[in-house]
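Data block below; observations after.
By letter and in written order, the chains are A, B, C and D; residue numbering begins at 1 in each of them.
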């Protein structure tokens, strides 16, 4: 285990000053996520334009450094992508966190991937994986516009 | 593992009980425990103890993983489709109470019928009786045939348009009859009726396959299955666990809690309120490994041969009357002896180290039907041998001598 | 037994956890187990195992006696009037569910009120919520004062002519406040209202005297009290156990069972359906002996000094905010650190072997009230020392360094 | 432990051929006893005359040798005694079975006491004490004419 890998500068920075922590005006998709065990909560707002491109994305919520950083980085990386691409990024990220050691998608630039890989430190902290994935699951749910609230418990 | 040497895995047989070798023929009541299971409990408490699920520190994470590993082992062992279909309870009794309470609350109303059988253990009758009292439902009893079995035809006959659930034992803890659960379930499902199976006596002795069996609910008692006391399992098809209301309320089973209302957690948490039997769940993984290492098929063969031998021995003993003669008999032999009350039999046998059970075995309905107040019961586990039945037999002869019975 | 050497009785502290000495500050979640308790489980399973109550053979008789001996020990320990007032459950959660279900069924109807508090653990709220849903009762919340306490006056204020039962924690598992249960009970009784006490956090730490306390029901979690998992205790005044309907139905709790109806067994059997947690009950006797040998007064003094020390240490650490400042604090210290989420704290502490809990501790209502989503909690047992708080403190400083917090 | 002491000739005889196993005609007191664990049952019938003397006593029931013998011997010894005396005998017997090693009452003759002491063998068989005492508890309940059924569980 390695705390330094978990709490990298980037994580601490995004955790302390999360980007896109607000509510998108005129959002047309949204979903809530919740981890009943620890009480972490996130609400993701999306504005897709007519071409199904992410015009804006934001989130509200409370949580640990990992979950805030994860949501912050996610919203940064996903803006401007098409719905299909977003789904691919999400899946790639979730697979990386759970099994693989790298990101395979062809959508993100190398520097974006490097940023995202900063979250891979949670792999050594199984109880914290949920913190890192909650906002991502919630994003999926927002895109699918499924009404049910995401419980990170199902991870 | 060699089935002939299996007894060595059970430390209890190393010591004398009142100067006798223990001849343990009370496994239907509760089985003895192999050393691996006891060691696991010991190690967990002395080296790894923590509560599960709630803390993020190292011990808690490790314990949570161990706990969930058992769930996966159970899932595989009984071939359930998903691990969320495995709910840990404090025993089979609680598992059945859970279903009766949650199913009853949502789906049963006055005049509805629950179909059980005359073979049922009190644990598969009293919970339904509560609904009879609170909701005015009716309980119908499938009747035994002369062999002490419940046939598919009898169940079909007793189903009416009001039957809302069928709850049957898989293996009678008195007559040893094995019920045709698969066929019953198929028929029941063709009428849209769910089936609960009391698997207490079958689980330790038979290969279980939930997807093959098709039943909706299956209750297991871990302490009868070489596992620790204070633990049971409810298997339930996911759709039921999703649809039914939760049973007990408390920590760990909630989603969001507000003064005004509550949402419930995901499966199977929704049904596991409060601190669970952590150490017992973790140790039960060893029970399953133990069974798997021998192979349930080997256990079945061993026990089948043994019970056939026991049946033969007792049949040859005049004045012993076997209860039930099912075509396929599980690990149970109940009997009476003319002129000697089962309690007296048990006491005299005990003096020789032969442990059996005497009483109604929580099956008063069945004993009433057979016009008995009590019976004696010898039941086996993987550690028993033919020798045990020989000793049983010679102790029975001692009873007869004391009572001057022929 | 010397309280300074007590840690040696707990084998878990002999091994390193991830190369660190274990600093276990999560006892409010579950306590570690002294060797005598683990040994008792081991010996019971390997040398004496049998199910209780149902068979007349030697092992069964011996196990039954051991089982009942624990009941008597518990009775004496909590000074209950009669041993029949001690019911074994699978946990405190089940104990409270039992009362809510049985009491609710018989005595509660639409519009009736149940008074609980904002301090309650989900286990003392969700069971009452069920009655809100099924019966349309109302749940009232006594509110905390600025110290995180529930005062007698607040309870008095919230009682109305519709209040039918009061259910309160004895010691908050978050703020550490100890409630004036005796005074509350006296007042409640003067209005004819029974009182249930959630004793999960008090039982391991305070002298208990049911006759002095006067409450009607008291729920205990054995795994928090140096005992095995999967076991709890419901103390209930005999008249309630006589009057209330049984909870779960099954073997062992019946009187006579007929197809047409059922009568129930005597106390406490009526409330102990199915095979109980035999080994756990028997081992719990050792937990009580363990506590008695140290002396609960000595434990109280030791822990009081310790928690005062811990409080001081944390108060001195700027940016640590304690939750609640009750006049008399139990074995719990919850806190937050500006700018660092409790989950992050717990993870970083864990790296040093310091095990605390982070989250809402099954008290969402309270956290909502305090406008927190989560908190960190250090809680102690008899094995803790001042050194543990020093280590906690230096690990907290490490957190602050990582997070660049002042 | 000693089976010979438990199953003495007298016990086996009374167990096999219980005396007074019938229903008293015109009984004026009765009670039922039951052991839920083993299913043993007993119904005791009493006829007290105007002087509160036991004119007749009988029982119906099913049970093991110990419980049948106990009921049989009890009914034999109690006939003709006054209510007060009956109570004393019952208490003396129950104390003997549970704690003491002898009978102290001055009502029974020595040979009657010897007969009753044959039941003392159950002292070594704790689970069987209930078998020996069920009918006695039931007799008490019949005398007190309390309506509730006796559960031997309360022993």
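Things worth noting here:
By definition in this document, a contact is a pair of C-beta atoms (placed from the backbone, for glycine too) under 8 Å apart; a residue touches a chain by one contact, two chains touch by 3 or more.
Not measured: the values here are computed from a predicted model.
Among the remaining chains, those touching subunit B as well as subunit D are C. Subunit A and subunit C have CA centres that are 38 Å apart. Once the centre of each chain is set as its mean CA position, subunit B and subunit C turn out to be 31 Å apart. The distance from the centre of subunit C to the centre of subunit D, each centre being the mean of the chain's C-alpha atoms, comes to 46 Å.
Centroid to centroid, with C-alpha atoms defining each point, subunit A and subunit D lie 78 Å apart. In subunit B, the residues touching two or more other chains are 18, 54, 56, 60, 254, 256, 343, 347, 358-359, 364. The set of subunit A residues touching two or more other chains comprises 37, 125, 127-128. If the chains shown are joined wherever they touch, the resulting network has some other arrangement, not a path, ring, star or complete graph. All chain pairs in contact, by the document's touch criterion: A-B, A-C, B-C, B-D, C-D.
Every residue of subunit D that touches subunit C in the complex is listed here, in rising order: 34, 36-38, 125-128, 149, 151, 153-154. The part of subunit A that touches subunit C in the complex is made up of residues 1, 3, 6-7, 12, 16, 37-41, 62-66, 68, 125, 127-128, 131.
Across the complex, subunit A is touched by residues 53-54, 56, 60-61, 64-65, 254-256, 265-266, 269 of subunit B. Per the touch definition, subunit C reaches subunit B in the complex via residues 11-12, 15, 17-18, 22, 26, 29-30, 32-33, 35, 37-38, 41-42, 45-51, 54-60, 90-94, 96-97, 105, 121-123, 125-127, 129-130, 134, 139, 141, 221, 223, 228-231, 248-254, 256-259, 261-262, 273-280, 343, 346-347, 349-350, 353-359, 362, 364-365, 368.
Subunit C meets subunit A in the complex at residues 18, 339-344, 347-348, 351, 358-360, 364, 367, 373-374, 402-404.
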